[in-house]
Amino acid sequence: MAVDSAKLIDIIKVIADKITENREYLTQLDSAIGDADHGINMSKGFRAVVEKISDMGEKDCGTILKTVGMTLVSTVGGASGPLYGTAFMRAGQAVAGKNELDFNDLVSLMEAALEGIKYRGKAERGEKTIVDALEPAVEALKLRREEGLETALRDAVEEAKKGMEYTKDIIARKGRASYLGERSLGHQDPGATSCYIMLEAMAARLLDGKKS
Amino acid sequence: MAVDSAKLIDIIKVIADKITENREYLTQLDSAIGDADHGINMSKGFRAVVEKISDMGEKDCGTILKTVGMTLVSTVGGASGPLYGTAFMRAGQAVAGKNELDFNDLVSLMEAALEGIKYRGKAERGEKTIVDALEPAVEALKLRREEGLETALRDAVEEAKKGMEYTKDIIARKGRASYLGERSLGHQDPGATSCYIMLEAMAARLLDGKKS
Amino acid sequence: MKKLINNPETVVEEMLEGMVRAFPQYVRKLEGYNVIVRADAPVKGKVALVSGGGSGHEPSHAGYVGRGMLDAGVAGAVFTSPTPDQIFEAIKAVDGGAGVLLIIKNYTGDVMNFEMAREMAQMEGIQVASVTVNDDVAVENSTYTVGRRGIAGTVFVHKIAGAKAQAGGMLEEVKAVAEKVIKNVRSMGMALTPCIVPAAGKPNFTLSEDEMEIGMGIHGEPGTMRTKLMKANEVVDHLMSKILADLPVESGDEVAVMVNGLGGTPLMELLILNRKASQILEDKGIKVYRTYVGEFMTSLEMAGASITLLKLDDELKSLLDAPADTPAFKQL
Amino acid sequence: MKKLINNPETVVEEMLEGMVRAFPQYVRKLEGYNVIVRADAPVKGKVALVSGGGSGHEPSHAGYVGRGMLDAGVAGAVFTSPTPDQIFEAIKAVDGGAGVLLIIKNYTGDVMNFEMAREMAQMEGIQVASVTVNDDVAVENSTYTVGRRGIAGTVFVHKIAGAKAQAGGMLEEVKAVAEKVIKNVRSMGMALTPCIVPAAGKPNFTLSEDEMEIGMGIHGEPGTMRTKLMKANEVVDHLMSKILADLPVESGDEVAVMVNGLGGTPLMELLILNRKASQILEDKGIKVYRTYVGEFMTSLEMAGASITLLKLDDELKSLLDAPADTPAFKQL
């Protein structure tokens, strides 16, 4: 794998498209256990991101990722803005100055993103948040690192999906859904869902052309 | 005719009964061109009146009528409270100190009541108010005075009724209905209606036993 | 009917008790009467101001009782003028020897009840004057009618006449400045929804989901027109054009603005209305001297608003600026 | 959706413009940001207070910007926390060299966005402290959850910390007294109707004609129970018993009371609620030192109310008594 700035921008645009496609779906999930704005906030944020990074092809990958993070932070609002914003900013720091990313860089930036979210949100796995999708994905990526990009990435997406689905079975302990207590059971977490959607979009674009 | 204090109290109770019977009807008329409270206010007032005068049999007729007026004034509120209140208070002044009322007294007290309403409300005939029922009645009473109580009274009630019905054909110039302008056309005035109801009740009781 | 009440028959009494319990430093209630007076009434040597009307217009009128505004607020039944005996008690309780000014809103019932109370007080030798507020330009004023209704502009009469009295003005002077306000104040309102009088239990009229009523009175009296919903800016355009057609203001003049919510409209919307009102005045070169945005003269939980303009001169400005300290209107 | 607005996308900007046009003597807006600051900001040498949150809670937060309360109010989208860059601009604009206290309501989004803004400001060498208000007893507080929400009790934090800062308190002192308020304040709310976020165009939940929700949050978050309509007294009984179970007050103690309308409930009903709240406190021998009745922390046009109790000591009393002069909160 070799991702240069142009390709990175391309991947982020694909992520943005997927988030926009799922605007209603994410909002609907949030209306069950939150305040019905997750899809609205996220798509607003990624619309701004696409505008900001479209002509950043000359910049290094770290700068691009940091710009994504800062843009999300300043446009999304609510809980997901600072969370995803911090994730992208930390990811950018992890690959600061690089004009091309390899598989190892991908692992580092994903680790940094996860750390950023956990630092910002103080959530652990099992609390019905983004972490429930992201942490298993990052672990799979590290665990399968030896087996190469394709296997590792497919496994990571698979684990994210499982984590997202698992959020149906647990009680929310963090975020707005936690006020619901027991009543949050049975509902899939919007943030874990948007996280899965983003990972899947990224993987699909990275593996483009590879047989699935 | 000879009305002593006991009989006067009796007549007022009959009037009170009739107003209470027509509570919904009067309110409904007021809801079309006013604020839907005429029947409510009037029956509240007459309930208080009956309580106040029930054991005033020892008092003179003037005092009883003044008490009715003061009670209406302090319980009815809105426009009709001061109007009917003033009418009864003036009526009481007109027969102050008398223990028995004859036909001439009736005419004077009715004249005084009319004057009281016109003084208080500054309305002329044709403005869609109580005056449209009361003034023709008082005029008939005076005009037919020579022909005796029965004819005069029947005629007065007849004229009040005509006046009340006439209010349907005219535009309100006084009171809350006047804000409606043209749109007040076609609706019968609640105050003219309560006035007719009271006159009719009084006449019926005065002519009790007489062939109709 | 969704209301936080206990009993439709006792809303006024319970509300007044709630008020006295909330603001004992400002007001007390006359035992046996629905009358709220200044805690320190009567204020010796000061002209006393008595206002009042039906209940359901809170904070009008008792909310304006206090230093620099009213001495008494008389509360009738919901949307029904108080009776003369109540007003008479108020007059007696607040007269500090310098006379009493009655501030009446121009409704037949209010006018007659206050007038009777005045007669009663005068028979007892109390000096009483009165003014009648008629700021609502929604209603045609002609010699054939009872004239315009009194609505939110009344609050400016309370404020300015109250300041004059607080400053030691004589009864005639206080009355004169109240009349100056009345001459220079115009209002107009509109509603998105009706309201429910507790004793009635149901709305007196209906508006469908896409309708509004322009020129609405504060007791749900019909307005000048029923229209499809308009945007906030169009609503303001309409109200302001009616007001400005009636009030002789021109470029260079100064006005006070009141954007008044009718009870169910949130402050966010009132501020959006004020934005447009202020823009219109700016475009005409009329200077906004002070603005009041909030709930001053309501109709229970009705959604809607009114706009009031008061044309100012130096005297009115300095009285408007004077401090006031009442439960519902404070100015430092 | 019956609202006096022009465009759901621009309600916040238009509202803020309406506010600045109404109250230029108190506030100005930071160009390019949805931030309202004191007209005279930064006040040299004074600790500055910054509060904020989603819009739709008017007069919170910008309505409390002025002498004796806040230096800045940051307005997010309706019911959505403002972003760190907005908060950061507010901090920079009001820092008068004595440091800045952030007053945060305990919602995940608010906490994180304010925290990031604080990090940004600290990187620029500005001294920033923060407190988090969590007065809503409707939500269980346990180690497993994010803790209680912040609702109307926040206004007491604004008032008292604002008075301390105005009096020249140092950042640590202002923070300490804010924390004392937070420790001693409890609230709980209920709703009769939902509200409509303009951008959504429809209510986020429904309540039938005979239902109410007890323990409602200020963004329409679910409460502790949905019940049949209750009388005002029963509602107050319920809210007060939850509050008093959590707040350690006993006979002889003094409290401040706030009866807060959520936007669609008229003052008449709030006063009726206060009557009962005051009776309950009286029965328990708890003295009401001051009462506030009105709209302080709303949820758009939601019908409903919250009750807040603040347990007082001499320090809190004297700071509560201090004058304040802001568009929405004035005290002489």
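Labels for the chains are A, B, C and D, by order of writing; each one numbers its residues from 1.
Criterion: a residue touches a chain if its C-beta (ideal position, glycine included) is under 8 Å from a C-beta of that chain, and two chains touch if they have at least 3 such contacts.
A quick map from chain label to UniProt name: A, B, C, D = phosphoenolpyruvate--glycerone phosphotransferase.
Being a predicted model, the structure only gives us computed values, none of them experimental.
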{"item": "Path length in the contact graph (chain B to chain D, fewest steps)", "value": "2"}
{"item": "Contacts common to chain B and chain C (chain labels)", "value": "none"}
{"item": "Interchain centroid distance [CA atoms averaged], chain A/chain C, Å", "value": "57"}
{"item": "Centre-of-Cα separation between chain D and chain A, whole angstrom", "value": "33"}
{"item": "Interchain centroid distance [CA atoms averaged], chain C/chain D, Å", "value": "29"}
{"item": "Computed distance of Cα centres, chain B from chain A, in Å", "value": "81"}
{"item": "Of all residues in chain A, the ones touching two or more other chains", "value": "none"}
{"item": "All chain pairs that touch each other", "value": "A-D, B-C, C-D"}
{"item": "Complex interface listing, chain C residues touching chain D", "value": "2-7, 11, 14-19, 21-23, 55-56, 58-59, 63, 192-193, 209, 212, 229, 231-233, 235, 257, 259, 263-275, 278-279, 288, 291-295, 298, 300-301, 303, 305, 323, 325, 327-328, 330-332"}
{"item": "Chain B contact footprint on chain C (complex, rising order)", "value": "76-77, 79-86, 107-109, 112-113, 115-116, 139-140, 144-146, 149, 197, 199-200, 204, 217, 219-222"}
{"item": "List of chain A residues in touch with chain D within their complex", "value": "31, 35-37, 40-41, 73-83, 85-86, 120-121, 173-176, 178-181, 183"}
